[in-house]
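Structure record follows, encoded as structure tokens.
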Amino acid sequence: MGPGESAGEEVCAFAESTGAALAKAGFVVLSGGRAEGVMEAAMKGAANAGGLTIGILPGSDKKGMSEYVEIPVFTGIGHARNAVNVLSSEMVVAIGLGPGTASEVSMAIKMKKPVILACMDELDVQFFSRLGEVVAASTPEDIVTIIRHKYNQNAHI
Amino acid sequence: MGPGESAGEEVCAFAESTGAALAKAGFVVLSGGRAEGVMEAAMKGAANAGGLTIGILPGSDKKGMSEYVEIPVFTGIGHARNAVNVLSSEMVVAIGLGPGTASEVSMAIKMKKPVILACMDELDVQFFSRLGEVVAASTPEDIVTIIRHKYNQNAHI
Amino acid sequence: MGPGESAGEEVCAFAESTGAALAKAGFVVLSGGRAEGVMEAAMKGAANAGGLTIGILPGSDKKGMSEYVEIPVFTGIGHARNAVNVLSSEMVVAIGLGPGTASEVSMAIKMKKPVILACMDELDVQFFSRLGEVVAASTPEDIVTIIRHKYNQNAHI
Amino acid sequence: MGPGESAGEEVCAFAESTGAALAKAGFVVLSGGRAEGVMEAAMKGAANAGGLTIGILPGSDKKGMSEYVEIPVFTGIGHARNAVNVLSSEMVVAIGLGPGTASEVSMAIKMKKPVILACMDELDVQFFSRLGEVVAASTPEDIVTIIRHKYNQNAHI
């Protein structure tokens, strides 16, 4: 999870590396599936590393979809699909922050999903920590290590 | 909007007064409609003051519904109904904070809805301010004044 | 419930009379809320007769909304909102038939909601009868009589 | 698509063979994902034939899920997920008939998706033909032939 069009280059590079690292570690990578920002970067990294990518799209067709989505799910339910993203993930990795990402992270905490935060200010991490349990990571490798520690098997991200 | 079962007494009292103040000012009050916390208190305040109350419920029937909901909408879409709440409101008033409320406030900012925050720590207000435009209010009367200032007509809350 | 843009004049006239008859009988009338066909006609009839009208809209704003909707719910979930319409109704009245209406009637049967059919061919009524319990009505007055027979109190339609 | 717990043995056998035939032909098979009736049978046939299976589930977790679903999407939106099923499929194959299936077939016609019907009475096929374009098939092999004729490439079913 992460911001769309507003995401900066550094955040996108981090997301692409994370997608690649997760795919290499054997995880399925799931995102909002649009051809923008962190979603696009994570899908690209994972797909180029040979991983399976799932995109849970807000719309009804391929318009605006990342070309790196292998399995598209066209929900047609708009912003409400954020809840589907979170429910369908075993862990939620949020890279960077915008209002959409904040909404997903908050929902993940509400749904008791494990949450990993990256590329966020210390104050933002503190905010989410007041809402529930979250873990901050500094590198894509950290993220994989944390996830591996939680699971000994494949998991949707 | 506001936390459910975790809401404290003070926050609920504020929510009830706000529901009453909004109803007296002629506004329709819309909430998640469950018989818990801020939702219940706001509906109760509004209904007892003679206002119209709408509950956008996560479930498929009256189980767990506040008795103060006059017009129930049974979405049956679970947590995804938070998006419906926000879209169907002309302004979003968040009283108190939990992960569900944080999700709704973030989504409201994403959807460019006017947002008023109450009963929140200064750090939480600062968090949302970094995401977009929000206004903090100290009393139910403040909330009505802010809304009146935005609208010269009835609006769903 | 009933077809949108494809609805004929006779069907719309029936829907408008039904909306008016239901409103006069004290029922709240709920529909898909768009400014087209049976939805528009039923809302118009009910609103002009002084009834309360609720529109459960597929979109995120007033674009395409019937002007006779008093309480709009903007779901933003597209076609998936048909399930919300059905769940939020105590009885489903279908006037005329198109694929969208067939979908709603089938869903209502699935959800064990009472269903009244009007302005449909005998073969179509037989189709739905094979799926579950439905009642056919010939006039708006019949519809009110059937509903009154089921309820001694107000009900959402 | 097809009925759940009410599906008869013959219909389930047909669904299992169809799942297998589609998987062997290289298609991804998507269903409602529950461990019942036609959904379960089609997933089983496809998975055992080495195909990729996607389940778009109504609930929030694995409870009631078919063990043959390889990629689960937990929508948490209940019956409204029928719309997601249809939108996410390039073609809709309905085997047997119940109210839920009738709802999905009607929605698929509404959304202009190609629809193939099997294991249905002639009167039911005629009903859907009055709503829009549908094709009836007699055997699993017929279904594959019809789909191949429409596509020269992989497609979600």
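Order as written gives the chain letters A, B, C and D; numbering starts at 1 within each chain.
Here, a contact is a pair of C-beta atoms (placed from the backbone, for glycine too) under 8 Å apart; a residue touches a chain by one contact, two chains touch by 3 or more.
All values derive from a computational prediction rather than experimental measurement.
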{"item": "Intersection of contact partners for chain C and chain D", "value": "A, B"}
{"item": "Equivalent interface positions on chain A and chain B, same or different at half", "value": "same"}
{"item": "Pair of chains joined by more contacts [C-beta pairs], A-C or A-D", "value": "A-D"}
{"item": "Between chain A and chain D, centroid-to-centroid distance (C-alpha), Å", "value": "29"}
{"item": "Chain A and chain C, separation of their C-alpha mean positions in angstrom", "value": "40"}
{"item": "Contacts with two or more other chains, residues of chain C listed in rising order", "value": "60, 75-80, 83-84, 87, 111"}
{"item": "Interfacial residue positions of chain B with respect to chain A in the complex", "value": "77-84, 87, 97-100, 102-104, 106-107, 109-111, 123-124, 126-127, 130-132"}
{"item": "Residue ranges of chain D in contact with chain A within the complex", "value": "28, 54, 56, 60-61, 71-77, 80, 83-84, 87-88, 111"}
{"item": "Chain D contact footprint on chain B (complex, rising order)", "value": "60, 75-80"}
